[in-house]
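As written, the chains take the letters A, B, C, D, E and F, and residue 1 is the first residue of each chain.
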Amino acid sequence: MLNNNIETFIGCDAPYGEASIVLFGAPFDSTTSYRPGTRFGSKAIRSESFGLETYSPYQNADLTDAHIFDSGDLELCFGDPAMALGQIQERSQIILADGKLPVMLGGEHLVTLGAVRAAVELYPDLHILHFDAHADLRDDYLGATLSHACVIRRCWDLVGDGRIFQFGIRSGDRSEFLWGAQGHVQTQKFSFDGLPQLLERLKGKPVYFTLDLDILDPSVFPGTGTPEAGGVTFGQLLDAVLMVCQRAHVVGCDVNELSPVYDPSGISTATACKIVREMLLALS
Amino acid sequence: MLNNNIETFIGCDAPYGEASIVLFGAPFDSTTSYRPGTRFGSKAIRSESFGLETYSPYQNADLTDAHIFDSGDLELCFGDPAMALGQIQERSQIILADGKLPVMLGGEHLVTLGAVRAAVELYPDLHILHFDAHADLRDDYLGATLSHACVIRRCWDLVGDGRIFQFGIRSGDRSEFLWGAQGHVQTQKFSFDGLPQLLERLKGKPVYFTLDLDILDPSVFPGTGTPEAGGVTFGQLLDAVLMVCQRAHVVGCDVNELSPVYDPSGISTATACKIVREMLLALS
Amino acid sequence: MLNNNIETFIGCDAPYGEASIVLFGAPFDSTTSYRPGTRFGSKAIRSESFGLETYSPYQNADLTDAHIFDSGDLELCFGDPAMALGQIQERSQIILADGKLPVMLGGEHLVTLGAVRAAVELYPDLHILHFDAHADLRDDYLGATLSHACVIRRCWDLVGDGRIFQFGIRSGDRSEFLWGAQGHVQTQKFSFDGLPQLLERLKGKPVYFTLDLDILDPSVFPGTGTPEAGGVTFGQLLDAVLMVCQRAHVVGCDVNELSPVYDPSGISTATACKIVREMLLALS
Amino acid sequence: MLNNNIETFIGCDAPYGEASIVLFGAPFDSTTSYRPGTRFGSKAIRSESFGLETYSPYQNADLTDAHIFDSGDLELCFGDPAMALGQIQERSQIILADGKLPVMLGGEHLVTLGAVRAAVELYPDLHILHFDAHADLRDDYLGATLSHACVIRRCWDLVGDGRIFQFGIRSGDRSEFLWGAQGHVQTQKFSFDGLPQLLERLKGKPVYFTLDLDILDPSVFPGTGTPEAGGVTFGQLLDAVLMVCQRAHVVGCDVNELSPVYDPSGISTATACKIVREMLLALS
Amino acid sequence: MLNNNIETFIGCDAPYGEASIVLFGAPFDSTTSYRPGTRFGSKAIRSESFGLETYSPYQNADLTDAHIFDSGDLELCFGDPAMALGQIQERSQIILADGKLPVMLGGEHLVTLGAVRAAVELYPDLHILHFDAHADLRDDYLGATLSHACVIRRCWDLVGDGRIFQFGIRSGDRSEFLWGAQGHVQTQKFSFDGLPQLLERLKGKPVYFTLDLDILDPSVFPGTGTPEAGGVTFGQLLDAVLMVCQRAHVVGCDVNELSPVYDPSGISTATACKIVREMLLALS
Amino acid sequence: MLNNNIETFIGCDAPYGEASIVLFGAPFDSTTSYRPGTRFGSKAIRSESFGLETYSPYQNADLTDAHIFDSGDLELCFGDPAMALGQIQERSQIILADGKLPVMLGGEHLVTLGAVRAAVELYPDLHILHFDAHADLRDDYLGATLSHACVIRRCWDLVGDGRIFQFGIRSGDRSEFLWGAQGHVQTQKFSFDGLPQLLERLKGKPVYFTLDLDILDPSVFPGTGTPEAGGVTFGQLLDAVLMVCQRAHVVGCDVNELSPVYDPSGISTATACKIVREMLLALS
């Protein structure tokens, strides 16, 4: 009797019932305006995670000691963002309802909206930590309000002023920066300056943590739709991710915008895998 | 005084007023279900056409003798297919209203629907010639009715039974073939068998000609979202295209599904350029 | 309660107990002498099969009607061919012992030896049908007797003279051809000439069918370690594969030598998927 | 009435008459000795600039407020460097004669010579600021005196001792460094050390600024003919470029040596676009 | 005592004195007007030939029985075509003076001119057989008379009317075809029709054979600067090459226009290697 | 009389008798567990070294003044690690016996074992300096004891406790780190901290220096089998390499794990070439 071919992120093979963290993929990129391809991100992360070890010398911890279930990728409808967001929201609701922590792998950044909708239902005082190269604060993009370029603005529709904190931002149109500066969101350009202080302030508050990997410098992470020169280093991002996952009350998170088709050497996927491993270990 | 940098398909630089044919690009691929990237097709065709000559030794004719205007690419909204189709329809209407022939460069195959909507307004007895590897006859795809996989079914909504003729089809689900065989569309699997007879029968009827380049064998045309082994050769397609453009009363046409990102050697784009040149010369 | 993430070749999701055919992957390429990478072949075929339909317009048949179980990839030891062959043999034995047909996805061609060892135990009068660009008849390669370049010679060690039939061969050193011509194996250079007659002759005999995909022309199948110009077309291979699977008493088979890393456009993987689908349907 | 398809670097669409800066491309790489392909640099920068925003969060300024005209690419003769340099000189002369600032996009570094010839006619006391990985001070290269490897030596022929200042240099043959050190040019190896002091000293002097993008580390800028490990970071280059453009009396400048064919992920082109945007804003 | 690292085309290791055929590479592409890179062709052919066998099942012959010396690549000056052609001519003269047959590996097609100059000195009644996709009959290209697009015109300057025979031509501007048809050259469009008859007619005449590999269909040979859809198959080219090399009195020949940078799967280089092997065996 | 085509690393063309350093390549990667391809590393380094200068502005020294012989690549048996290691050991023995310094270019890291075996014969008190991202301390990998993942463990079998010093390590399974920390090897995670002190301590001791290039950050060196985010910069590695080669009594060394197939832009090979040049100059 041969077994089924079950595929997971490396070391994430706990039974669902015993898991405290549940991974899922949201392979969607229909609103990407420049170079599409992030739909293949979650699958690549799962598949290439086997180039990693389960052990982290950074945290001296091992995924084989954590209890994580990988529920695979959603099958999302391309061309209908509203329907796709509904499916993401539903998956997040199931995981949250079972008292587990959802960790979503994108996909483009718009997928965050589905997960945030589910989180804000459960945690009305939700705060959002946003690591990204792009402000994503447009009200619409070429007429579409459900767009990767508007995702944080849509999250703001749900949580309101003073609840969203951006780091690493180095691109946007002028109006986005102006709008944000009117007290709607708190934006730290270019760096993680102020993150420790913020985490101190957010102690005990429920936090949704969304990580757009294009915050990384394109040298480290070329495989993304809209590479922006001048990003943070891997070490800087790793430190910040560990800080957030260890100090904040994270109630949901995601890692998005890996586009393997623009990553011919595979270093972006390998980097994404490592960030996910460290995040999972820090959240465990 | 220096000139503006006007970019066109090679040799397509007639003033709009004097042109009998008008090119435009429809860079859209939001509903692509497998590998996106056709949004870059029209731009690549325009740009790489300069690797071609304007002269065709096949037809002993030269684009410098034709009168063609290239109006560039539309700026379409990713993530909202209905809005994008509206923009395509409008551009087609303008060209048709000015008594010119619209030739659209995709983009994914869904863009055809916008152009067919415009054509059927003017020509209620429109017939459709469809060259493709895929039947594209689904009623919906994962819930979406505006999808590249449904485009010919949507065209059938407009023109009805007995007006659509497919050639080269070698992929689809069983229900598509069954539905088509109920008298809705006429499907020639694998080849162009029967094309001369059909063209004889369509004499004088207005024809919209939609060419999905993935009808070509993947060896000739690897750069497409869903390559299907077992396609036609370049010579077979060239003969068929010339036959259609010279014998049928073509009132609109398009060439779609080039995805340059999957074409690292550039042969797919070069092939698309040559097909477009021959089509334009045959339509002139 | 969320489900495990089970991955299979498209449509091959029968329970093991109900399956008549069992797929497995043998990701091994340690003896490849030129360009390695076929270790990623089986995984790519499984993953990219979702760009296919389950329905074949060639055979008017559907994988959803077949009963096939995909048991995933073996975890093989790189650097120790003898150990890897042992693992392959064992997996084949299990499947054969359960009265099911093993279909193995390589990996390099050496993996065939493990499966043939298992088959010849059960079927001492085993015959071997070998489609390939290369003769693979060396007695050793740079000193190694367990090498992809020697695999058919090693099979001959097991089945003896007059039991091996090669088609499409267009590369080898002079001594291989001379050795084969001494009555050891029957070699049809370049083409499938004589295949129907052979199949007539083999009626009722147990046949192991090994398909090295580099028999295809490199234009159709660039993604392989040692591309050899002048191969067969997809149509020719499809016809030959269907003929074998429909007429011969196939007791084991494999498809090997896809190397996705040399397939940047993805057409080789797509072609391999289609051949596997057609083979599975014809064997069902 | 449809419009012509005018293509410009993003936001550079002022009418020529109103422009203070004029962009043009010099797609030439015939003397490149290692890996050619910079001929595609200017076109890629123009095309991919649409992945950028017009707004710079570094300078809090927007290209839509600047007045820049993009006159497109010259059509240069490959295989005849003297003729190509003549065409570049002529285009530069026109722009300078109209009292505008020419900004040239290469192409290989030799193109600088054409622009410097035009600048030195108007500004006999021209000084040259040279950012590069390579010294480019050979008197000839394999017999050719018009070569990318000799371009700064040829500029020295025009401006003489003490007028050329190099930064970031980390490659050259021994004789180049020795020749330079004889008082002909001032060379800062590896870094921008001394740049602020130099700019102080050059106050009021006319400066031609030539930026070979291979000064950047290959991790940041792989897409160039001769990548040299150990280059400057994006942040270091950005600071230096802004310093030059804001403090020096720049009368002409160029950005060269992007080779898109060696940039499969697109990060080099994206970085080049961003440097050009920042340069244009700082010069405005 | 360790040996020097001598690199040759596979099996071409005869001492110079004993060789009847001498290979050399001409890595030059400075006049290439579209996509450069053929400078890497000769080196790639030499290097990748080790993926081949020395034995040909087509001719039942082995390079180990031939006497061929590989003299490596010339070091040519990029940016000065006249100087490069002089170096090629000189190398050809040495080989011819020693009574050996020169076989040159390009590089772009212009390199043929250097070899033809040497051949016509020795054989004033030289005839030229030209296999190509492109007519190469322009009198100048953007002002340059020494250009790959003019190479056969320049050869005509040397040999005059009625001595040049082209096959497979499928691209050129109108004036090239018109000029050729005025009795200057004999052009067979698209195919090898008439080749056997021509070879009969050329019996005993000295023939220079120049093979531009882009005569092949781009599916078979994507790795070239200007791919032209609709070319000949590998089988057709192989037959034609064998016919020429076996029946004509070949006094010099070349194989050119492989551009490895546009050949990510390596099939173009592998095909070039095989054509070179077959040509060498047929000439032996 | 034409010369043989001798290929060397740039500037390494001393006669064997006069050389103090001897280069050789060990193109082997059969035990690579993740992405193979390092077999092409040594050849790529030799070939692409011609994109470098022979002069180092870092050391103000020139390879033309050194006396180095490049003996080319070994022809190793894929699929039989023991046999391959024997061939490497033998080549190293010859070089050492002639009183010269062997510098080996890999290949995968396992090749180090062959060279260390030869070195330890001559220098029983051999110490090993190991720069790497990976600990390589497993006792076996999937059952194989001769594996790239076990190479330093196998070296420990030869030299014993306290003789192996690792730097830059950032990956391994938990048991490797635990085993090492039991006094078997000294491991500096992530960085070169402590290297100067160690070199002081090793004064006069014979040192084998093995450099796995994946110690570099993947942004700098993507072209390797198992990229690990968070590596050292080029500047850090260069400093450390110069320190080792200038201060330690190096009796053998190697540079390994370049995999050109994962290096589409070529920056990894270019970086490897530069490191080798600097190492050779520092060892001279």
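By definition in this document, a contact is a pair of C-beta atoms (placed from the backbone, for glycine too) under 8 Å apart; a residue touches a chain by one contact, two chains touch by 3 or more.
Please read all numbers here as calculations on a predicted model, not as lab measurements.
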Neighbour overlap between subunit C and subunit F returns A, E
Subunit E and subunit F share contacts with C, D
The distance between the C-alpha centres of subunit C and subunit D, rounded to whole Å, is 55
Rounded to the nearest Å, the gap separating the Cα centres of subunit C and subunit E is 38
By the touch definition above, subunit D meets two or more other chains at residues 35, 217, 219-220, 264
Per the touch criterion, the pairs are A-B, A-C, A-D, A-F, B-C, B-D, B-E, C-E, C-F, D-E, D-F, E-F
Listed in rising order, the residues of subunit E that touch subunit F in the complex are 1-8, 16-17, 22, 24, 43, 46-47, 69-73, 91, 94-95, 264
Counting only contacts in the complex, subunit D reaches subunit F at residues 34-35, 169-174, 177, 189-190, 217-220, 222-223, 226-230, 262-264
Residue positions on subunit F within touch of subunit C in the complex are 29-33, 35-37, 39, 75-81, 83, 110, 141-144, 146-147, 261
Residue set of subunit E touching subunit C in the complex reads 50-55, 57-58, 62, 217, 219-220, 234-235, 238, 264-267, 270-271, 274-275
